[in-house]
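Each of the next two complexes has chain A plus one more chain, namely chain B in the first and chain C in the second.
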Partner chain A sequence: MSELLQVRNLEMSYYTEGGRVRAVDGVSFDVEQGEVVGIVGESGCGKTAVSLSILRLLPSPPAKIEGGEILFEGQDLVKLSGERLRRIRGDDIAMIFQEPMTSLNPVYTIGNQLIEAIRLHQQLEGKAARNRAIEMLKLVGIPRADEVIDEYPHRFSGGMRQRAMIAMALSCDPKLLIADEPTTALDVTIQAQILELMRELKERLHTAIIFITHDLSVIAEMSDRVLVMYAGKIVEQGSVVDLFHDPQHPYTQGLIGSRPSMDVERERLEFIPGSVPNPLHMPGGCPFHPRCSHAMEICRREMPGEKQGENEHGVRCWLHLDKSDDQARPLRAAVGAAEE
Partner chain B sequence: MYQYIARRLLLTVPVIFGVAILVFSIIRLIPGDPARAIAGVQASPEFIQQVRARYRLDEPLPVQFGIFLGDLARGELGRSTFSRRPVATEIGERFPRTFLLAMTALVIATIVGVSAGIVSATRRNSMFDNVSMLFALVGVAAPVFWMALMLQLLFAVNMRILPATGIGTWRHLVLPSITLGMASAGLMARITRSSMLEVLRQDFITTARAKGLNERFVIYKHALKNALIPVVTVMGLQFGILLGGAVLTETVFAWPGIGRLLVDSILRRDYPVVQGTVMLMAFLFVIINLVVDITYAFLDPRIHYQGEAGE
Partner chain C sequence: MSGTAERQPMLQVTNLKKYFPIKTGVFSRTTGYVKAVDDVSFDIYPGETFALVGESGCGKSTTGRTILRLQNATGGQVIFKGEDVYAATGDRMRVLRKDMQIVFQDPYSALNPRMTIGAAIREIMRVHGMATGNELHEKAERVLETCGLQRHHASRYPHEFSGGQRQRVVIARALALNPSLIVADEPISALDVSIQSQIINLLEDLQDEFDLTFLFISHDLSVVKHMAERVGVMYLGKLVEVAGKRELYENPLHPYSQALLSAIPVSDPARRQERIILKGDVPSPANPPSGCPFHTRCPYAMDVCRSVVPRLRRTDSGRHVACHLIHPPEQHNGDLSTVETRIAH
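Then we have the complex of A and B:
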């Protein structure tokens, strides 16, 4: 398969009054054509920052992309002119957002907002554009699409609005869809329906998807590959199967462990202790060390590099780096002993 | 939509009624003989007697109020005690001049204020933003008479391109309407700017950009219509204030409008004229509010649908 998107060493910061927040800190990953890549991590780890960086939709100020490349079909989106970037936005790469209640403009009808994208990228006008819009609304399972198209967003429920957003995003046959927590704001039953819809559309349209969530079970259902983010960095990435069966990073292990699931006994349900670090005062070394039960001396001082395992399963943790460091050894041995 | 308008229209009735009670009470609450007050200070005893009979001031208050309302409905506002001309004629002569002045001021204020606000918001913290917000502050803070004198000095005395006072041609309108509109322009620039900045932070703006729309389209289609909602309220209020606030401007520029009529009439204790003018002003405020509400409904579909959903 060929690479559709290649993100290389992306660095992005928010310059706030309190100081610089490195929201994305050296992130690299690929998305192949038709592939679904999940990004998972706790709130504030930089998932939205990554997704907004790709289409350069960040509020500037305070946001600034400070380094790296975002290659989409070979061209670097970071350096692209505004005019050429706009031709990619909504056409080749589309986005849906977390809050369906606020993502649609309240003073224009659904149809108006849908048709404007179709007219812009599909060279359709008038009746043809409208028909295409109705067809899209039907595709995402909105009943009475030919009437509903003239309604204003406030007449729609959250689930219906998110369907309309999906229709809008898919109306120009994008090669890549970025879905930033598309179900987080919805009720559980509606969540399931929207996920079902997205799975169905993925099969039908073969659009590559970057699917962002903080819910691992959603990732397991949707994705081919997973990126686990912590404090602006990817700490582990690999195929869904590898990641769930053989999680290597203590943070990933914690996430999987804290996932309430039917076949796990209550007692074994562990949570990751502590909370996400203050982005203005990142701990040195491995940012996870204050919460990590495996933390070693070196973790406090140095950032671990990434170890590439088989099947492109990568992890950023001293436990997995063959470091003949004096401080790394004894603790590792102790960990091994504790597990036996 | 029509239901919404009809409902708003109906709501104006109690307001007008309330103002009528107020105006009716003013004359009757003044210490002393209301007939004397209405007839005027220098009126002869016969005339006072005539007035007493005409308004049936010996009758109980509810009957008097009924007569008052009947007169109002017929546009019968009595006669000026100063000029002895019908109040309706006095007002009818002057009101169009004030309306013209206030309207011109409003148009200038809206065009200048809203465009400055938009540009300021989209180029936040730029040179333009800083300079225009400084002007906005000065516009709001500068006293009207000072502003008027400065403009008269510059354009009438020094450059001699515009008349300093009086009425007649459009050129007479320029300085007074700029003076009058200055404060409103400043206010509207600031409201537009902050409202626009607020809207530009909203998620649907990111959605619009993510579609690939160019920035002009994002601003003028998606942001502006939302941002104008609070601006329209201010516009309505400002028009009311401009009509009322014309008093000072009319005085400085010798513009014989309704503002001056009101001030002069108060000084002369010309109660029928005061009554008529106050009634007219109240009526105008009600109309302006109505227009504002209807404009809202055009800008924001959530408003009129809400009402319909409840039916």
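Then we have the complex of A and C:
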């Protein structure tokens, strides 16, 4: 398989009244053709900022891409002109969002909005464009597609709207689909429908997917490879099996351990003390060190580099890197339970 | 379930109904009702955690609020410690309220932004005559400490806290009145994953320490499995199954429970499984299907399901299920084993 997307040292900041927020801080990863890459992390970790940067959908100001490359089939999206970028958006890279209602225009019919995308990107007109739209609605499992196409979004339920969004995103045969929390607003039985649909379509159309969510179990179900983000950085990445069966970073371990499992009964849940740091007052060194039970002297001072393990399992943590005895001194005996 | 049969329930909910009128036209005539809670009955025993699960709009939150009389019921009965909640008036109701507290999903909107959290806790204790003067301050600070915060936090305002800490404040405020029943309505859904387990652990610790009884309302079936002893599954305003946690998760009897449980993503990539995918969406509660509310999505629907509403009935194993497959309408006491094996496939 070949690399479809290569993100290299991406840096993106928001310039707010309170100061500069490094939302994406030196992020690098690849997406191969037909692969599903999951990005998982808590609110504010920068997972959405990465996806919006890829399509350059961020308003500037306050957002600014300050460094790095986003190579899509060899061309750098960061440097592309607006005109050229517009052709890639929708055509080659499509995106679906968490809240399907706010992504659909309430004053146009579903058909109108679908056909607009098809006309712009596929050079189909009139009847042909409409037929293509109906075909897409059928593909995503919307019943009575030829009638429903003339309905307005408010007539659709949440699950139907998300199906319509997927139809729209896939109508131009994109090579890469970015799905940002596509099932978070949906009920669990509807979520199961949408995940099943995305899996099926991926098999059929061989589209690569970047799947962004805070839900670890959805990641486990959907992804081939997983990136774990914390405070704008990728702290661990690897194949989905390696990551869930052999998590290396204390944050990943904490995330997995803090979810009640459906199979294993646990008396007490593990937890990560404290909460996500304020982006305006990022702790120095490794941003996770104030919450980490293994924190050492060096963690406070320096951000660890990435250590590559087998099978491209990478982790950024001092526990797995060489350091002197002095640097390895524990920062504290035990971490207090209360958040401070 | 063993042992609970002899004990007196702390809370008995019988045929609880809550209908919201649908008003249309210039004169706001009532043209129909949304049956948010329709004929729901269950008991909660002292010291246990009873969970209500279901998808959005199934009526689980309305059930919780109606039990506390935050909304008045349309019909039915709520007996709390032997006393009819809906017969209580004025002072008596205030005493009952003190004993039944609620924790909401969104801890930000549950706290007054202009009041320090100490003041918020002291106010509620003063209203209920828990303490006065210095003792009031002391007690408020102590309850914050119990919930994993620090004494000096009492002088801070809600915005100075993170989401998880705010939820601790809300729990502390409920706990300050020394209640026996706490209704926890999606208490962790608004929190980040790494914070959720802190709050779950806190609730469990408090339950042990203060002998609390929980009505735990949640859509998150993995959390419910961790927290609850018994579970009620709701669909479109009705309870479709009530069972002990282990029985329900290992062998759900109602087809909706089966689908709901199988829809949960498994957080182990090596065990991606085949699942029951339900067709279609949850019907509108303003216009629910006739007969069994689930028949439009049920893979086993029979003719009788379209016309006859199945009642919640006890099975031989002591669980309660509302399904014609389990209790065929013509023979209520028939042989269950054959039916159970049939729907297991």
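Rule of thumb we're sticking to: the second predicted complex is superposed on the first by the 326 of 340 C-alpha atoms of A that agree within 3 Å, B and C clash if a C-alpha of one lies under 4 Å from a C-alpha of the other, contacts with A are read in each partner's own complex, and residues count from 1 in each chain.
Criterion: a residue touches a chain if its C-beta (ideal position, glycine included) is under 8 Å from a C-beta of that chain, and two chains touch if they have at least 3 such contacts.
Just so it is clear, the structure is predicted and the values come from calculations on it, not from any experiment.
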Fit or clash - chain C, chain B, common chain A: fit
First (chain B), second (chain C), both or neither touched by A:43: second
Chain B versus chain C as contact partner of A:193, first or second or both or neither: second
Contacts of A:221 with chain B and chain C, given as first, second, both or neither: second
First (chain B), second (chain C), both or neither touched by A:74: neither
Chain A residues touched by each partner, larger count belonging to chain B or chain C: C
First (chain B), second (chain C), both or neither touched by A:126: neither
Least C-alpha distance (whole Å) that remains between chain C and chain B when both complexes are overlaid: 6
Where chain A meets both chain C and chain B, residue numbers: none
Partner chain A, residues of chain B touching it in the complex: 201-204, 206-215, 221-222, 225-226, 299-302, 305
Complex contact set, residues of chain A against chain C: 42-43, 157-160, 187-193, 195-196, 214-218, 220-221, 223, 240-241, 244-245, 254-263, 266, 268-273, 275-276, 337-339
Parts of chain A lying in touch with chain B, wherever the complex brings them together: 52, 55, 57, 59, 82, 86-91, 94-95, 97, 99, 102-108, 113, 116-117, 120-121, 152, 154-155, 165, 168
Parts of chain C lying in touch with chain A, wherever the complex brings them together: 55-56, 148-150, 162-165, 192-198, 200-201, 204, 219, 221-223, 225-227, 249, 259-260, 262-272, 275, 277-278, 281-282
